[in-house]
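Below are two complexes that have subunit A in common, paired first with subunit B and then with subunit C.
== the complex of A and B ==
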């Protein structure tokens, strides 16, 4: 089909608002922050060009290094918990029982909650003295735990809180994938004598491959960028125990006004996430089967 | 559609004509004032501005709300780089050194010396917080300080006499212990232990009480790792070991818990009093060691350069706004502390103390606010280092001497960088 000139113009007009928004709030800041990462700037006085000095300083910054360690630990816990947890919930919700849509909605509610509201609620649930979690645990003789207030437990408490908010999302994606699995394949397997477990392992799990790949990549990107919940619940503490990379970036840029340094952290993180995603996609190339 | 455009055009023409004719008869200089006041305070501020705008025709103040004051510095800086910024903005005192670096910030050193202004009538801590390297870069907007707020009922129940102005750290520690009841989940005291400035400034008050200082007089090295500093932090450590402190994780839970009778004593300021409607509370100056010093948290009105005419107009307005009479009026409406000593001698001051009973002690306590935190752009980093030290000790993870020595090492290296 050939488009007339006015149709071209109309097309451009339609994408113009979105294009302007993406340029103004996406592309320009991204470019500007790259520039900023080569400068020493406190937002107030004129910035000076320092070349790679910010990146060099990052190399020998022990606090940045520990922030990376914490972020990796967080990601290593968060991704499997939310992906496998989401799968487990999806399998349970795939059943044909009464009121199933109510259960499905209930599982999805945490996803719809704002992360800030989640963090405020968990702050009260996990409060060491007055929180309901310690109260319930005391019935079975456990606790009391410090949770967010204990430097040895705080990062795990954040994993607990953020997983709660994420499992619902993964469950819905898995649920959709489960329902798109052709019923005849499952039936064929059972005729061939496969038990429920073998059917799951040999038929269902491989067919969920694309969904699993998407969720692992997506969860990893989000885990490496975790910030909101930490900002509201622990503010990187106690004793830096939850200072992950983005929190450290925030602290440098907006608490200490080292804007250039913060921008450099952002770019290191960006490259790291890009590499990890490429690695994940490369590994998956040989393992994920697309049904079509 | 067409009709509307015509009406609009007519409006514009009328406006232009009107503006032209006003210009001939000397139009007022319009200045823009940014603030984050809400509720009662917001209304009180607006009432003052309206009164000013009606009372004269030389200056028109355009009051604009900038949202949460926590983000005001970023907003003002963005506005400055965009080239369209206010003439006056409310900014936290802790940002004074940052904003002083901006070439658009007006230097008020000469202006505050004008005879009618009586700069020295303003509380010393507020003046110091508006001064960076000897230059006055702002006018004090608000001042408060920490005092001991206590729940009278819990004191009576525990048979502990009410705090007096003579209380020492030891009396306070004993009282806190008696007022703590684990089974009732009741705590003698509360401490914000998130390692933020909230953790740090309460510690500074103790440090000054023990005769210590934050930095050396030349501001080049840490001085808090002194015997006084160790003594102050050891006091906190002892109370933590007594388990008589409720540790607030920085979410302000302590106000709710005090209001529900779970906490007997707080070190807090007048801004919290309205959160305690359910408690019959008393206010006393802080328990002391060598003295009873407190710490003030002053905020500023910073003036920006939008050309000579607007700068002069802003100054003219601020002189009126910060006069004894006007500030007392604002204090009566909002419960803010008086800013000038002379406000205490005004007849209206009795109305003020009657309306806000607890506030009287906070006013008297302003005389105990003798020192201020370093007005230095690197202060947030200093605060962070010390916050970690205090937090480590309170969590039982470090010894006071060692924690302070480590923090002092960090602060020294922070101060070596420009």
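== the complex of A and C ==
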């Protein structure tokens, strides 16, 4: 069918505002950022071409290497804790007992808390001298801990804080996935003599595959980009112990005004996120099955 | 054992409550402790072991409101979030409809480019967007927060996918009856798309209301700060005044908590559908 001129025009008119905005604040910045990463720029004087110098400098920058190590450690803790924790919570919340909607509300409510608010709350809960967490731990003879103020504990404290904010989100997704599992399948398994654990492992867990894949990918992307809570609670300290990649990028670009260096960090982060996501999708390809 | 004996052994309630109560307590305690501290006297907050507030010390709230312009922060957040949610609803519907139903030159190339930007982390484009904002003279203004967020590739994709599930016959009938393309979208398609529009609104709302890194980079003066940025500078200025901080924090999270409790189903559905459809 030959398209009329008006149909082309209508299509373009409909997408034009969106296309302009996405070009201006998406496509052009992507290219510009790549260009900047090959330049030296302080945001003020004209940028000069330096080739691969930014990337070479990153390669031998010990602080950047440590930031990568911390980000990977954070991701390796945060993803399993929030995904498996979210699953465990969702399984419990899927029970048909009295007051279950109250329990659900209680578990979901941290989702409504912004990252900044969460960090301010945890600064107080984990305060070494007067904080309630050290008090509760003292009941079982533990502590007192320095938490955010101890360089050996600060990153783990950040994991604790961000996990509190995230488990509810993952539980919501898993709960919906659990509720979409046809009850006949579970009943059929139990009639065939499968115990609860076997039913979960052989029936429920495979059917949760798409939800698990989504949550692992999403939690990983967010973990590699963690920033807000760290900025508010520790400012990357003490002794750089919570300076993760995005925090380091923020410092380089907007505190030391090294725009080119910052752009190079951003591109390394982008490639890392892309590779990890592709790896996860590749691993999932054979293991995750989509019904219908 | 006969059934009667089993039922006599049973608790009057499900044993699952032994798991559910600590779980709920673990999630709610941080918020409850924030509220309790916000009504303590500064002296009571500096005790170990911690104590419950002896009375309601409202002074913290008046101090917090006097220490930082929370009203202004709220207003700015409302303006930015309102404009971006509205922008997304309108622009993503228009573009999503064009990608779903209209045929025009370059559509598929454009769509692939759109999908490509979906994967880009914000940090990659942050520095150039800052430079663009400086060219436009928008640094340290609400415009810098609104303009880059008026439309999202994700939103376009979401609307396109939804429009494609609608029966096309209705739209064809409307066209035959002389309805324009825009008229068809507004009168026929959008009224059927309320679930998708609601999802987009919730997601755009959460994203812009909670955004922190970009406001931190582009906003400097206090009267342009959003709630999250204002809250963070408030914390920076009073880092150990715990009762004051908690009062400010309660003020900042309360509207969101109330909104969540009132519209819990909508929030939960919007989040849940993201996971199921992947």
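Assume the second predicted complex is superposed on the first by the 266 of 292 C-alpha atoms of A that agree within 3 Å, B and C clash if a C-alpha of one lies under 4 Å from a C-alpha of the other, contacts with A are read in each partner's own complex, and residues count from 1 in each chain.
One rule holds in what follows: a residue touches a chain if its C-beta (ideal position, glycine included) is under 8 Å from a C-beta of that chain, and two chains touch if they have at least 3 such contacts.
Everything numeric here is computed off the predicted structure, so don't read it as measured data.
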Task: Label the relationship between subunit B and subunit C on subunit A in the superposed model as either fit or clash.
output: clash
Message: Once chain A of both complexes is superposed, is A:254 in touch with subunit B (first), subunit C (second), both, or neither?
response: both
Task: Quick one: classify A:115 as touching subunit B (first), subunit C (second), both or neither.
output: second
- request: Determine, under the contact definition given at the top, whether A:18 touches first (subunit B), second (subunit C), both, or neither.
  value: second
Query: After lining up the shared chain so the two structures overlap, which partner does A:221 touch, if you call subunit B first and subunit C second: first, second, both or neither?
result: second
Query: Hey, is it subunit B or subunit C that touches more of subunit A?
result: C
Field: First (subunit B), second (subunit C), both or neither touched by A:45
entry: first
Task: For A:238, select first, second, both or neither according to whether it touches subunit B, subunit C, the two together, or no partner.
output: first
Message: Under the stated touch criterion, which partner chain does A:172 make contact with: subunit B (first), subunit C (second), both, or neither?
response: second
Message: Looking at A:278 after the superposition, I want to know if it touches subunit B, subunit C, both of them or none. Which is it: first, second, both, neither?
response: neither
Message: Which partner chains sit in contact with A:26 here, subunit B, subunit C, both or neither? Use first/second/both/neither.
response: second
Statement: Interface residues of subunit A shared by subunit B and subunit C, listed 43, 120, 123-124, 127, 129-130, 254
Partner subunit A, residues of subunit B touching it in the complex: 74, 77, 98-99, 101-102, 185, 193-196, 246-247, 249-251, 253, 257, 262, 377, 380-381, 384, 388, 391-392, 395, 397
Field: Residue ranges of subunit C in contact with subunit A within the complex
entry: 13-14, 16-17, 19-20, 23-24, 27-31, 33-34, 37, 45-50, 91-92, 94-95, 97-99, 102-105, 107, 110, 113-114, 117, 119-132, 147-148, 150-151, 153, 156, 181, 209-210, 212-213, 216-217, 227-228, 231-232, 235, 239, 242, 245-246, 249, 252-253, 256-257, 259-261, 264, 267-269, 271-276, 278
Query: Of all residues in subunit A, which touch subunit B in the complex?
result: 42-45, 120, 123-124, 127-130, 148-151, 233-235, 237-240, 251, 254-257
Statement: As the complex stands, subunit A meets subunit C at residues 3, 7-12, 14-15, 17-19, 21-22, 24-30, 32-33, 36, 43, 89, 92-93, 95, 97-100, 102-103, 105-117, 119-125, 127, 129-130, 132, 135, 138, 164, 167-169, 172-177, 180, 210-211, 213-215, 221, 225, 227-228, 231-232, 246, 249-250, 253-254, 259, 262-263, 266-267, 269-270, 273-274, 277
